[in-house]
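Below, chain A partners chain B and then partners chain C, in two separate complexes.
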Partner chain A sequence: MVPIVLFMTLAVFLLSSLVPGGAVAALLEGRPTSSAQIEFLTAKYGLDRPLHEQYLSWLTGMFRGDLGRSFRTSQLVTDMVGERLGITIWLNVMGLVLAVAIGVPLGVVAALNRGSRLDRFVVGVSIFGSSSPAFFVAIFFLWLFAQNLGWFPLYGAGGPALWSRLWHLTLPGIVMAVAPMGLIMKVTRASMLDEIDQDYVAFSRARGLRERRVILGYGLRNALIPILTAAGLIFVGLLTGTVFVERVFGLPGLGNMLVQAVITSDLPVIQGLTLIIGTWIVVANLIVDIMYAVVDPRITYDKTK
Partner chain B sequence: MSIPESNGKRKAGLGRLRRGPRPPGSVVVAFAFVAVILIVGFFGEPLVREAARQDLTEVSQPPSYEHWLGTDRFGRDVLARMIIGTSTALLGPFLIAGSGLVISALLGITAAYLGGWVDQVIMRWVDFMIALPGLLVTIVVVSVIGGSYGVAIIVLSIFNVQGDIRIIRGAALEQKPLPYIESLQSLGFSKSRIMFRHIVPNVSPLLVADFAIDFSLALVALAGLSFLGLGSEPGSAEWGAMLAENQSIIFSNAAATLGPGFAIVLLAVSVHLIGDWLYDRYSAPARLVS
Partner chain C sequence: MKQVMFRRLLVLALLCVLPLVSLSAAGRAETGDDGGEESLHLEWAVSTSPDTLFAPTYFNSPIGSGIMGLIYDNLLVYTGDNELQESLAVSWEATSPTTYRYTVREDAVFSDGTPVTVEDVAFSFRFHNDPNLGSRQAFLFEDVVSVTTEGNDVIIELAEPDSSWKFIPTHMGAYILKQSHVEANFDSYGTPETLPIGSGPYMVEEFVPDSHVSLVRNPRYWGDPPPFDTIRFPVIPDDQTRLLAMRSGEIDGTFNVPPGALQQWDQVAEIVQATAFIFRGLTIDMEDDPFDNIHVRRALYYATDRESIVAGLFAGTAVAATTLDPPEMFEGVLSDAEVEQGYGDLAVFEFDLDRARQELAQSKVPNGFSMTINVPDGSQAAIDITQAVQETWGQIGVDVDLNLMPGGPRFQLILDHGPSLGVQIIGNLPDVPDPAILPYQYYHSSQAARNGNNSSKLKDPDIDELLDAALTATDPAESARLSLQAQIEASQQVPIIPVLWSDFIFAVRDGWSMGPINGSSVSNTFVRAINPR
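Showing the complex of A and B:
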């Protein structure tokens, strides 16, 4: 997986060299300049060196914990990330936890009561949820809960106090959960439907085990693998959601930073964020792989392979 | 009414679309909604061009009889602009889903039928691409090479096709051991002829279902890019862009931002429902007893 992250950063690096006029043009964003200025900037950011040298110096910098400086603000990219990482992680974790905590029980109940009104409700919610883009859900919830009902603050991440922070991040966190919850419900329902038709379920019932044990201890346990796969995809997908949610709610997180960098062609920041996105994906996949083995003891990761 | 299959085995092919149980009510509503959107997309623009003009005497008005969804910051009728944006909203997803259909048919069936290293290469590529967050990568790519609607469509097409290839490969693998393939082989038909003249029609319902699902995903993704100001030209009547720019007048006219949002969601849900329905009917035969 590590090569994939490096590949992604290399791809972004090569793409950036395709920008018309190169990085210097991005840096100047069309302002009138003298050639002396261009030379100065080229030298300052080391853009006169051959491409592979530039990439290698970025790469060695990365291992020293130096991702360069923003073209726009001249801040260190690592500092910028450090300031914003907390909000993004909070939103993602809250989105995932809520999605699983609500989606899995509802999916199980829907599967057990197949064809009932509740089941149809769950299916409907999951279709609407998984088709609703985060940016629309965010604006809709903002309008409904913050503007009309006044339950939550409208904008920003609140003051430095923990309580104010949590208060401001609650609604965005709920918005993050909507789409993944739809997917989790759908997968849980389908997966549970597969399991409860199996012989072992009928047999456990025949043995006189309590229904709760049959469903949760046997059925759900076996149904967890597809749910886990979906959760892994969601953890990656949530990253995209963060971009929109942070944008709508005006939260200073990594997503907003990415959009800002993208709009202003701030290449070092884009590059740094690509690295973080890549690492995020690798870590998410790693966690899912470990969880597979936890959930299903038959899955082992052979060291001799 | 439906004609029962004689041998109980499922027979694929588009001709079967006309038989079988009737679609549920939700799917009928979805079809109707999509039909309305298509008509609006094709014929709507000339009718409302006048109403979409700027009128700075009527800025950010809430919904009224003259302006059903109110007006935006420049006094333009929101509904009229949504109608103008309909064709854009349809075109991009159509291209993305269409390319997905063609590429997944080519690569999915090739991978399944030829097997071996061809299969390996294609499927490793698919596994790799599926692990990436497509929209996020698109945001980065579009920003780095300079954003435009065309670039967004190309990059999203590249990220969209992986899931389809998996599904079509699976369906083609089911076809491969069937007797008709063997008889075609013994007749000496070429591989490409078997793949694209005989397997394609047999997996075509799935191709259509995939097209619908892709369409709804692409609609949402493209709207997202426009929402961030990366997809469409600034100021153009595009649903995602309208959603973003009208967010600032949510206090005076919430319909200006919610309207385009609902249009996106309802169209996406409708097309998704149709896709799911097609998919359920043609892919999981045993489990779906209605």
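Showing the complex of A and C:
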């Protein structure tokens, strides 16, 4: 896990450094300047040092818990990430939980009612959800639930109190869930359709087991592997959607921070975020792998085999 | 059995949704409670977070200077009526063309209760020239050779006369800093780690980057209290969300009204235009083939439909430009007749595709050519303008490929001054209302080198002479006259295609008004210009 994340930070560092121009030009924003000032800023940020020295310096700092200061905001990168990480995790977890909590039951219902109006309705909803552009959903929900109905605030993350955070982050969380929910519904429906046609389901029913146990205990459990795979991919993919949702709802999260950092070639912030996002992706995949084994005991990760 | 399953699953799904609905209903009441403090509170949306609240690490913008102008004080302020007014200085005079003396008021204190001393003022003017600090405002203070104190006076000595200097004390680069606080916390100054201490009418209560800045009234401020007890600047980057927030009354105003959505904004708010002298145009590398041929440059100018760009993309908030400085820049300095005469002498090539083709026919590329324009992807105005140009230039056989790039690397290309700068889209505004500033940046040969802004590479000794004289003239009228003459002479060579001049566009709550205000006075307590009713 650690080597993968470090490789990512190295790759991103090299790619960022290869971009012509960069941090100092971005900081100057087209304003009058002098060669002395440019040279000073270049030296101040260590950009005049060889690439390997720059990377090693960052790496050494990282192991000490120091990710440096942002070129743009002068803030410690660890502080910047710390302030924003909670919001982004909240949005992503909420998006995934809602998507699974609503998508799985509806997918099961659709599969159990194959060909019915209900099935067609659920399939329609899943297609609409998974194909709706995020910007449309975000603006529409904002207009409907925040402006017209007044149920939610229009912008901001609220105060530090849990209640305030809940109120401000619920609507963005729902927006995050819409597209993944459609995908989860589709995957669940397809997977359940495969399972309920299996012989073991017919045998279970013939043995007189309760329908609930047949469907949830056997059918859904066996259908969970592709759902877990989809959920893992969605959890990683949600990070991309966060950028847009944070922008529309005016939330100070990692997505907004990453966009600003890339625009301004703010290397310490880009590196810090690569570390966080890399860890995020690796951990998400690890959790999915563990869940596979939990759901299906036949799956093992025995090193001796 | 299936129906039972369905009902159970439906109940489960509803259980997930219902708590959210109940949460939302409770939240509405909270909004109402907050709304009760409207008369004393100002909620002013900004599209981006200020990088820092410290001028040396931040460039001028309505957002940064608008907020910082409430926290820090200046020796002088620039009023919305275009007048210089004493603020932290009780009086000032130019005792010689290169010497300025400011008498600092004795009753001013910083928001922490410590007095503002002449040493703090002197430090604030010396500070930017320290080569070890890398202040981004350093270019404003290049001419300063000494800053001394004498009693309650601060005396600033310049290396040579500078036509811009009288405005500099109003600029955000000349905010008065508390020396001991800055020196002790330089690396983190103006960040949430070290909130700034100023002597302005407000002090910072909270700064959460990318979220909001909250200010409260400074009870120790020496002057008249401004109209609001508290001010909050929420960061709302999305244009549509900002519009919805304005429509729903959650914000009282904003610095950021997109020109393309002006009609929508006009329906929900009072629109305020603040003269800002913003210039947008295209520079043409005069040493780069085929742009080294004046017929090619004229052809491109003729093929640029400036009026349509202004009407179609900027909804009446801009006017077609004919040079770098708009005529308003000369108001009160030169007579109307003189300004009219000067602008009449500019070489202007109005949109005419036939004449564009005729010019191109006289060049070595009579059938046109292909080129790339690098466009900063963060500037919608730059994207709009270059797309419009791409369309009309294509009609004379000039195929333009637009290459969207991040702003930093794109500007680095200009700073590098490589051999083929081609056509560059530029947007800029002078830091102070001095008509010599932009012409110097874009027409002086010293700027046609590495780290300079003159991306057309115009190198003309006559124009240099005019600009040098304009910058050092002590008579404002003489300086303005020389600057205008330099622009007239440059226009004959078509180093740039001027596209438009635009203003800042603000919005305030329907029923309120705002003004007088201009681009420079934004950085000096802009809230005083807001008139809530």
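Following the convention adopted for this analysis, the second predicted complex is superposed on the first by the 292 of 305 C-alpha atoms of A that agree within 3 Å, B and C clash if a C-alpha of one lies under 4 Å from a C-alpha of the other, contacts with A are read in each partner's own complex, and residues count from 1 in each chain.
Heads up, the rule we're going with is that a residue touches a chain if its C-beta (ideal position, glycine included) is under 8 Å from a C-beta of that chain, and two chains touch if they have at least 3 such contacts.
In this text the structure is predicted, and so the values were computed from the model without any measurement.
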Simultaneous placement of chain C and chain B on chain A, clash or fit: clash
Chain B versus chain C as contact partner of A:Ile227, first or second or both or neither: neither
Contacts of A:Arg247 with chain B and chain C, given as first, second, both or neither: both
First, second, both or neither for A:Ile196, with chain B first and chain C second: neither
Touched partner set for A:Gln75, first chain B, second chain C, both or neither: second
Which of chain B and chain C A:Glu211 touches, first, second, both or neither: second
Touching partner for A:Trp167 - first (chain B), second (chain C), both, neither: second
Partner chain(s) touched by A:Phe152 [first = chain B, second = chain C, both, neither]: second
Which superposed partner A:Val175 touches (first chain B, second chain C, both, neither): neither
Which of chain B and chain C A:Ile270 touches, first, second, both or neither: first
Of chain B and chain C, the chain that contacts the larger number of chain A residues: C
Shared contact residues on chain A - chain B and chain C: 19-20, 139, 142-143, 147, 247-248, 262-263, 265
Chain B-touching residues of chain A, taken from the complex the two chains share: 4, 8, 12, 15-16, 18-20, 127-128, 130-136, 139-140, 142-143, 147, 193, 236-237, 239-240, 243-244, 247-248, 258-259, 261-263, 265, 267, 270, 273-274, 277, 281, 285
Parts of chain A lying in touch with chain C, wherever the complex brings them together: 19-38, 40-41, 44, 69, 72-76, 79-80, 83-84, 98, 101-102, 105-106, 108-109, 112-113, 118, 139, 142-143, 145-147, 149-157, 163-164, 166-167, 170-171, 174, 211-212, 215, 247-252, 256-257, 260, 262-265
Touch list for chain B against partner chain A, complex: 128, 131-133, 135-136, 139-146, 216, 220, 223-224, 227-230, 240, 243-244, 247, 250-251, 254, 257-258, 261-262, 264-265, 268-269, 272-273, 276, 287
Chain C to chain A touching residues, read off their complex: 1-2, 4-6, 8-10, 12-13, 16-17, 20-21, 23-28, 30-31, 49, 51-52, 54, 57, 59-60, 131-132, 134, 136, 138-139, 142, 187-193, 208-212, 234-238, 240-241, 244-245, 247-248, 250, 377-378, 406-416, 426-428, 431, 441, 450-451, 453
